[in-house]
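Once you've had a glance at the structure underneath, I'll fire off some questions.
Chain naming follows the written order as A, B, C and D, and within any one chain the residues start at number 1.
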C-alpha cells in the first residue's frame, strides 16, 4: 500500500495534466488524497488478510476520492477484497479470479465498454494477460505491460464515457487519465511482488 | 494562480468554517463527513431534499440550504463529486419520515456516488428517490456520451422542489414535479476566460484575447466551439438558438429566464445579456413570466454566463414564488 | 478586453434596458436623465433616499432600490460620477413631502455633482440633506488629499437609513443616523487583479503573477502598497489591523462584519476570508452580531475583496434587521 | 466649438492614458462625450452671443461629463458665459475678466490651490498671461503657452486634490489629465482666433 500511495503521489501532477486536457483536472489530486487516506486507515487497524486490506482500502477510496474514480476504484478493490477474503496465500488463480470480479464490478457500475476511453481499457487487457500467464510473478509483469499498452491505445480514441465524452472529436489524441492511473497501479503491484 | 485561500488542501475545511461562522444560526455544519444541514432538520413529515456536488459552484448548493429549498448539501473537493458517506449522513440528518429526494447533476462521478449513497441509505430503511438533471444542450449526441450535463436548471429545480416539499407534498409528487422541471428546462453556457482549480494551478483551457468558448460546462471543460468575440447580442443568439430549438420552445409559451454568471463576470454585463435574452424571447413569442439574474451556479472565477429557459406551468410558478430563506436565494420571508 | 457588452458607448443604456426588462414590476427606469426609481415613488410622508455614482459597482446602487432601502439611484458612466440633472430629476421623483437624503460617496466628482444637484433641488423647494461616506482607511493623511473614499459602509448605511426612512423617521433623524453609521464604520480593500474599464480597454494597473495590491479603491485605483501574495490569513490581517486600529474598535464592541467581493472573486474565497475575519475579530474581543458576505460594491471584474466593520448600536441593529426588498438585498418580505 | 470638440476627440486616448496612470481612466472619454453633447445642443438652438454659447456649452458639459471635470469645466464656462453675456464684441479686457471669473468659479467649487496638481495649475498661469498681454490675439497665444508650462509643471507634483491625491507620493512623475485638457482647450482657442 505504501508503494501504491507513493506511486500516486509521484504521478499526481501527470494525472492532473492529463485530466486537465480532457476532463476537469482533478484525477491526480483525487487519487493522491484517496491513497493517503487509505494509508491512514490501514495504520489504524490490524488487518486479517489481503482481502481485509483491500476492503479497508476500498472503503477509504470510496469515502475520500469522490468524482468518477472514487466509486470505480472503490468497487474494483471491494470486489477483489471480497474474492480474496479469508485467503491466506494468494496464487495466480485466486488473484486472477479476484481481478475478474473487480473489473466486472467496475463495468457494472460505470457501464463502460472497451474502447470507450476509460480505465476499463487498461483493466481488461490486464485481466487477459493474467489469464494467459504461467505464474503470479510473470502474470503481474504481463498485466502491467498489457495495462500500459491499453493505456497508450486510449490515445486515438473518442471518449464515450465520463467527462471526456463531452469533448467528442476533441477528446482524440489525449491519453485517458483513469487508464493511466490503472497502469501505474498495475506497475506498482508487479514491482512489489518482484522485490 | 492567485486566490484568497490558505492552501488548496485546507480550502474546503476553511470555507466550511466560514460558513459555520457566518450562518451558525441557520445551519449545522458537519466536517467529517462534510455536509451542511438546516438547523431545524429533520423537519417531521416533510420530504427532505439533499443535493451536493463538487465545490467551486457557489452559492450552489450550500447557499441554497434553508426553509423553502434544500435541507442539506454535500460539498466535494473543488470540481469533484462528494462521496457516498457524506450523502448517507446528510440523508439521515434530514429524514423526517416522509422520504428523501436526492438532486443529482448528471456527471458520471456524481451519479455513481449518489447511487452508492442511495443503496446505503435504503439499507438503513430510509425511502430515497433521485432526480438527475441534464439540461445542457451544448452536449450533442447524448447517446454516445455520458449524457447531457446538469447545469442551470438545477438551481431552479431546487427552488421549485423545495417549495413543494415545504408544502408537505409527498415524495412521489416532489420527485415527479422535479423531473418535470428538468424535462422542461434547457441551458447553455459560454466563457470569456477559463478558470483555475486551486489543486492544478493551471487554466482549464487557453483562449486568446479575442476568443470566446461557446458551450462550456461548469467545470472548466472546453465547449462546443470557439470563435472571435462578438457583441452581447450575438453571444445571446448563440446560446438562445440551440436552447429554443431543442425543447422546442414555441410561441405562446410562458417561461422562466435565468441569466447566470460564471463567477467572474460583472453583474452589469449580466443585465446587458438579460436585455438581449428578453429581446430574443419576445421575437419568438415567449413570455418571460419569471426571471433570475446573477451568479448562482458558478465555475470559480470564470468569466462568462449561461442561459436557462424553463417552460412554466402553474404549479411551477406557485412553488417558484413560495417563500425561501437561504443565503443564496431569499424572498417571501 | 473581452466583455459581454455591445459597445462601450451603449453599455449604460443596454444595462438599464435589462434592468427595466427584469424588474419593470418594481422599478420605473428613466433614460434621459438616467435614473431608477421604485415603482411606488414618491411615498407620501416618507423621507426619500437617493444615491448614485459611477457604474461598474453593481449591485450598488441600482440593485438597492426598493422598499426598505433606496428610493432612487442615479447611474453614471462606468467609474464616472452621474450628473446633477440626473440627481435633480431623481430627487423630485422621490420627494414625498418629508425631504430627501442624498447618500454620496466621498469622491471629488460625486461630491461636486451632488452639491450642484442639491442647490438646484433646494431652489425647487425640496428639502435636501446630504451625507457623505468616507470609510476607507487605506487613504492616509486625509488632510492632504481629497479625503477618505466612500466604500463598503455605503451599502450598510443605505440599508440602515432605508429602514429608518421606512419607519417614517424625520429627515434630521435619518441623516443623523446615517452620519453615525459612517462615523462608526471602517473599510479596506485589496486586489488580486486589476479591472478594465470598457472605455479604456486597458488594465487599471499591472500586477505580476504573485503580487497583490493592498489598499485599493473601487475604481481600479492602485493601493497603498503591493506585496507577494500570502495566505488568506495574512491578507485578512493586512486589512483588519488598520481597520481595527483606526476607529479604534476595542474589546467588547458589537460589530457588523461585511466581507465584500470586488466582482471577480468566487464566493467560496469570500467565505474563507470571512473565516479569517471572524478569527481576528474574536482575538480582539469583538462580537460579530451581524454579517454580510458577497459581491455588493464591486469594481467590474476585479478579483479581490474588501472588509468593512461597523460598530453597532441598538438602533442600527434594529434598522439593519428591518425588512428590505430590493434585487440586491432582500429579507423580511 | 467644433474645434474644441475635435481637439477633445483627437486627444481622447491620451487623456485616458494620463487618467489611467493616476486616476480612473475616464477623463478623455468624459470630455469627448461632453463636447459631442455640447455640439448637439448648439446645433439645436440659435445663440444670441458668445455668452449664450458658453452657457449652453456649460449646461451640456454639466449634464453629460460627470466626474470631477463636468462640474469644474461647467462652472468655468458658466461663469465666463455670464461675464460675456450681451457682449457683442469680445476684446482682451472682457475676455480676461471672463476668464478670471471662470477660474474663480473653479476654485470656489473645487477648493484647489496652485500646485495641488489639478487643472487650476493650467488655468491660473493662463489668466496671468492674459493679464500681461498687449492684445487679444497674443493674449490667447500666451495663455496657451502658459497653460502648457503649467501642465508640464504638474509632472513632479504630489496631488492633493481629486482622485490622484489617493496615490500620495506615487502621483509624482505623472502629468495631470485635467491640466492637459485645459491646455488643449487654450491651444484650440488661440488657433481659432488666429485663423
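Following the convention adopted for this analysis, contacts are C-beta pairs under 8 Å (C-beta built on N, C-alpha and C of every residue); 3 or more make two chains touch, one makes a residue touch a chain.
No experiment lies behind these values; they were computed from the predicted model shown.
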Problem set entry | subunit C and subunit B - chains in contact with each | none
Exercise. When the C-alpha atoms of subunit A and subunit C are each averaged to a single point, how far apart are the two points in Å?
Worked result: 53
Exercise. Measuring from the mean C-alpha position of subunit C to the mean C-alpha position of subunit D, what distance in angstrom results?
Worked result: 31
Seminar exercise, completed: Between the Cα centroids of subunit A and subunit D the separation in whole angstrom comes to 74
For this session: For this assembly, give the contact graph shape among line, ring, star, complete and other.
Result: line
For this session: If two chains touch, include that pair; go through all of them.
Result: A-B, B-C, C-D
Seminar exercise, completed: The residues of subunit B that touch subunit C in their complex are 1-7, 11, 14-15, 17-19, 21-22, 55-56, 58-59, 63, 192-193, 209-210, 212, 229, 231-233, 235, 263-275, 278, 288, 291, 293, 295, 298, 300-301, 303-305, 325, 327, 330-333
For this session: Within their complex, state which residues of subunit C touch subunit D.
Result: 33, 54, 76-86, 107-109, 112-113, 115-116, 138-141, 144-146, 149, 197, 199-200, 202, 204, 217, 219-222
Seminar exercise, completed: Contacts from subunit D onto subunit C in the complex sit at residues 16-17, 20, 23-26, 29-30, 33, 62-72, 109-110, 159-163, 165-168, 170
